[in-house]
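Everything on this sheet refers to the single structure shown next.
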Amino acid sequence: MTLPAPLTGVIPPVCTPLTPDRQLDVPSLRRLVDHLTAAGVDALFVLGSTSEAAHLTDRQRRLVTETVVAHTAGRLPVLAGAIDMTTPRVLDHVETAAAAGAAAVVVTAPFYTRTHPAEIARHFRLIAARSPVPVLAYDIPAAVHTKLPARLVLELADEGALAGLKDSSGDLAGFREVVHGARSLPGFSALTGSELTVDAALALGAHGAVPGLANVDPDGYVRLTRLCRSGDLERARAEQERLCALFAMTTAPDPTRMGPTSAAIGAFKTALHLRGIITHPTTADPQIPLTPQETEAVAKHLAGAGLIP
Amino acid sequence: MTLPAPLTGVIPPVCTPLTPDRQLDVPSLRRLVDHLTAAGVDALFVLGSTSEAAHLTDRQRRLVTETVVAHTAGRLPVLAGAIDMTTPRVLDHVETAAAAGAAAVVVTAPFYTRTHPAEIARHFRLIAARSPVPVLAYDIPAAVHTKLPARLVLELADEGALAGLKDSSGDLAGFREVVHGARSLPGFSALTGSELTVDAALALGAHGAVPGLANVDPDGYVRLTRLCRSGDLERARAEQERLCALFAMTTAPDPTRMGPTSAAIGAFKTALHLRGIITHPTTADPQIPLTPQETEAVAKHLAGAGLIP
Amino acid sequence: MTLPAPLTGVIPPVCTPLTPDRQLDVPSLRRLVDHLTAAGVDALFVLGSTSEAAHLTDRQRRLVTETVVAHTAGRLPVLAGAIDMTTPRVLDHVETAAAAGAAAVVVTAPFYTRTHPAEIARHFRLIAARSPVPVLAYDIPAAVHTKLPARLVLELADEGALAGLKDSSGDLAGFREVVHGARSLPGFSALTGSELTVDAALALGAHGAVPGLANVDPDGYVRLTRLCRSGDLERARAEQERLCALFAMTTAPDPTRMGPTSAAIGAFKTALHLRGIITHPTTADPQIPLTPQETEAVAKHLAGAGLIP
Amino acid sequence: MTLPAPLTGVIPPVCTPLTPDRQLDVPSLRRLVDHLTAAGVDALFVLGSTSEAAHLTDRQRRLVTETVVAHTAGRLPVLAGAIDMTTPRVLDHVETAAAAGAAAVVVTAPFYTRTHPAEIARHFRLIAARSPVPVLAYDIPAAVHTKLPARLVLELADEGALAGLKDSSGDLAGFREVVHGARSLPGFSALTGSELTVDAALALGAHGAVPGLANVDPDGYVRLTRLCRSGDLERARAEQERLCALFAMTTAPDPTRMGPTSAAIGAFKTALHLRGIITHPTTADPQIPLTPQETEAVAKHLAGAGLIP
């Protein structure tokens, strides 16, 4: 299935359910896809940060893409992260993802190496030249430790090297510059990776959102984007604030026990488990699992939102 | 070949020669191994940062280890980096490296993810439990954006999870704490990754050095470590200062054109090419190649050191 | 004049005009105050980052506050930054500012020292206890290298230690948490320090804005806040985008010649000079002045916005 | 008293004793000066980071310099930190320090502002041009968030703008570049700010050391530098390792309760109090004081080193 241009609406970064011995839990993954699809999301993004792509082996990554592409069966476009340190390694993932049926790949700046902006530009150009599917840039400075400048994104978009941007930088002003500059580039997709400012991003012209919390409450984000689109900003803000309150589940784990990444992913998977969508809340190594008390705190957030009885 | 315990002396992080189309240049790699072996180094470290491990595909990584292990034919132990984001992905590289004959693996803290110290400890414990060969920790905050605390290294060493440390942090005080604490742990190898303070590291008790510049001038580092061992500190300092001057070749590339990683690796490969050891100075994508003027500046450093006519 | 609670609307961080020998240019400062007042701004903020507070001597700081308080003559409340490294030094500035007639002081977390969150909390509590005027927290991680957590701000607000927040962090999600939490704290002022996302901040409930660019185009920001208040979001967005385009004047200076702080302040002062409001575009030491070409580029931005012929 | 050129030996960064209500404790300060002088240190450095300069008001700063200059009465040169954000504010402190009799001033790069290297160079040049006494650069990236490049320090030294460097960066390789480059600049003082690698710094050619721990054990550092000078490296290393063990007192405070700065300063002052040299262990606001248990842990370190019974 080809990528809409631009891609709009809600594109959840799909969690990757695991068995207790950390194998891919394929039946749970299919149920999660059904849960998201039933809510009316517009596309699926596999192998992103929320998907624990950094923790999945190559074999698991391929199996995730194949499973989700097969299970959606053309009902929704599937974007796949191709997360690795540098160009040659990313290109291997791009090839696998495209072969597995991904409609597009999502690629970060190089990491581990200390890379000059000219080398970051070269990285995206080389990948775009060799990718059989469209390439979206993934701006996530908390993970890769460089920020993609708006000008570079627009320059690469103008050349046709980039089909879109997933902005997880938290820098709304920089994102706005891309959104504004991309108005003259029909087909370019400007997507926010935030859970907490989707209303603001759509108000300034973003096409869609890729919120990790949409795994837990896809209906909420679908409602939110529809309210924004219809101009009912009062109710959009109320829906966004409800989702902000729900997102506080990511503070349930004790920050002296684990990092913020595992806290967020652990909370999402625990919530999906409590909602009966995935069989195990297991997160990938070396992340620390939630305690029973932390699980209870997540449950309270879900109950408060009416998502569990 | 098993790993000496402790490992001492000079252990060059072996550059990875490439052809102009970025395939592994196996004959050049063998010549580089011969060049290092002839100088009397004590072991070889493949797939480290200087080896462009971050840029090599899994296929290339395996071929590098296999080539170097086969070519050394038991004359020297070969350590292999297993550089990847998190535990499951690292374990795949560990398995490959051990199967290819590596005597030990060298493993960083997780990166890309934001990982809590307790999760870093868990990472090393899980890898040590499953690795068929000894595990050395690789402390390289410039790449992974966390610093391994000395106490954690010593705790893991005491448990038997770590056989050594390669310290590329530049923090000599922290390294000293490990060196001092490891005195009661016979067999633990404390190795500095610095090019510029090898004399200081050995003086405070380090066992060996893993300097990238030893690709270019292995004789210099072998001399330096022997002078340190024999207590001839005056001449050791002079040799170290000569090597510091040679290291200035890494400032030959224009820092407004490329990052510090590509400048250093580009200079080393250019020097190996100019010395006739490898056939091409090619670096991996997306690094920017040196210009003819930058190459000329590297040549001047080599000529000044008497390494080329 | 007492501080409105909450403070709303446009509160420009007033530039500090200097003579060519870097003395305070009092007549220019008075003209700048008139220019801002005539545009209908709601308050003035002196001695903030845009005011070059970090560069002004204590004598100059006092003279700035006295001049602006005297010249506004009660027409507008004057807030004063009390920017220094730690509690005792900040308290000296608080005393001076209050004596000079400031209606409130604006205080950052400690800097230079590496300060624990519990010490940051203690800092604000001690200052609030001794300040004769209300205290607003100034969240500016780019300068002080710590981020004020939303929970801490709300806790201090709830205790009565903080009367408001000026958020220059660029983190709209964190700011939203403060805005939302402060709804139950009548009188608390949540102000954004952004030039580029004022519409978004007001839409989610911020009370006002402190944009450096309001020195150059106060009418634009007054229009923007009024359009937001009246719910005319289409025109508000257009006005905000116009101001974003004008803000691009801060990219006129060559980033290889000077830092981003001096580029922005240099551009603002150059624009005020070109508009005839201040007599000299001089910035404080050690900032690099703009070249004639860079000045010309700023002029083009002004002309494009119709602010000069 | 004029500054020796170069300045050699041990130059303690003198702690600033406070009364329980945070006034300068002049009698304790005099006793501390006597304690250091009696141990045979070579100069005194007041108003550095260990002196809590960031916490002292201008009045207190002046009183410290006047007290120490008067009390040393020409027996030792007194260097004074002139720690502030930018050039004009630093110049005010330089004037005060020189008037109070300081033999030299010690100046960091600008902080709070984001300053370009060209502006940092301009900062030092302007200060040197206007300072009545020699200027030493203070490289302390943990506080000011920029690193002084070795090349810049050498360039400024060569111009005569800098009389020396106090290196608290922890980057021994960069410090070595300055030490080596400064050999052709007679009179330039290269001083390490480390407690833990003084032996290594002296071995590579540093002139002296400015270790905060020398407040607590000046005799140890005096012995260490003499052993280094006489070439007795075995015993020098043993003395350094003893001091490293003593430095572990800075880990006595609970790191979840306070930052690393207050932990170190709190431990030093507590040790001076326990040794009977200063009357109160009080630290400046907003630092958190040590608990009785933390004080007990410091006492154990002192007893272990034979510094208290």
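Think of it as A, B, C and D in the order they're written, each chain with its own count starting at 1.
One rule holds in what follows: contacts are C-beta pairs under 8 Å (C-beta built on N, C-alpha and C of every residue); 3 or more make two chains touch, one makes a residue touch a chain.
All values reported here derive from a predicted model rather than from experimental measurement.
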{"item": "Chains touching both chain C and chain D", "value": "none"}
{"item": "From chain B, the most remote chain by mean C-alpha position", "value": "C"}
{"item": "Cα-centroid distance, chain A relative to chain B, in whole angstrom", "value": "35"}
{"item": "Rounded Å distance, chain A centre to chain D centre (Cα mean)", "value": "49"}
{"item": "Where chain B touches two or more other chains at once, by residue number", "value": "none"}
{"item": "Contacting chain pairs - touch in the sense defined above", "value": "A-B, A-C, B-D, C-D"}
{"item": "Chain D - residues contacting chain B, complex", "value": "170-173, 176-177, 180, 194-197, 199-200, 203-204, 233, 237, 241, 244"}
{"item": "Touch list for chain B against partner chain A, complex", "value": "22, 49, 54-58, 60, 83, 85-89, 92, 110-116, 118-120, 122-123, 126, 142-145, 257-262, 284-288"}
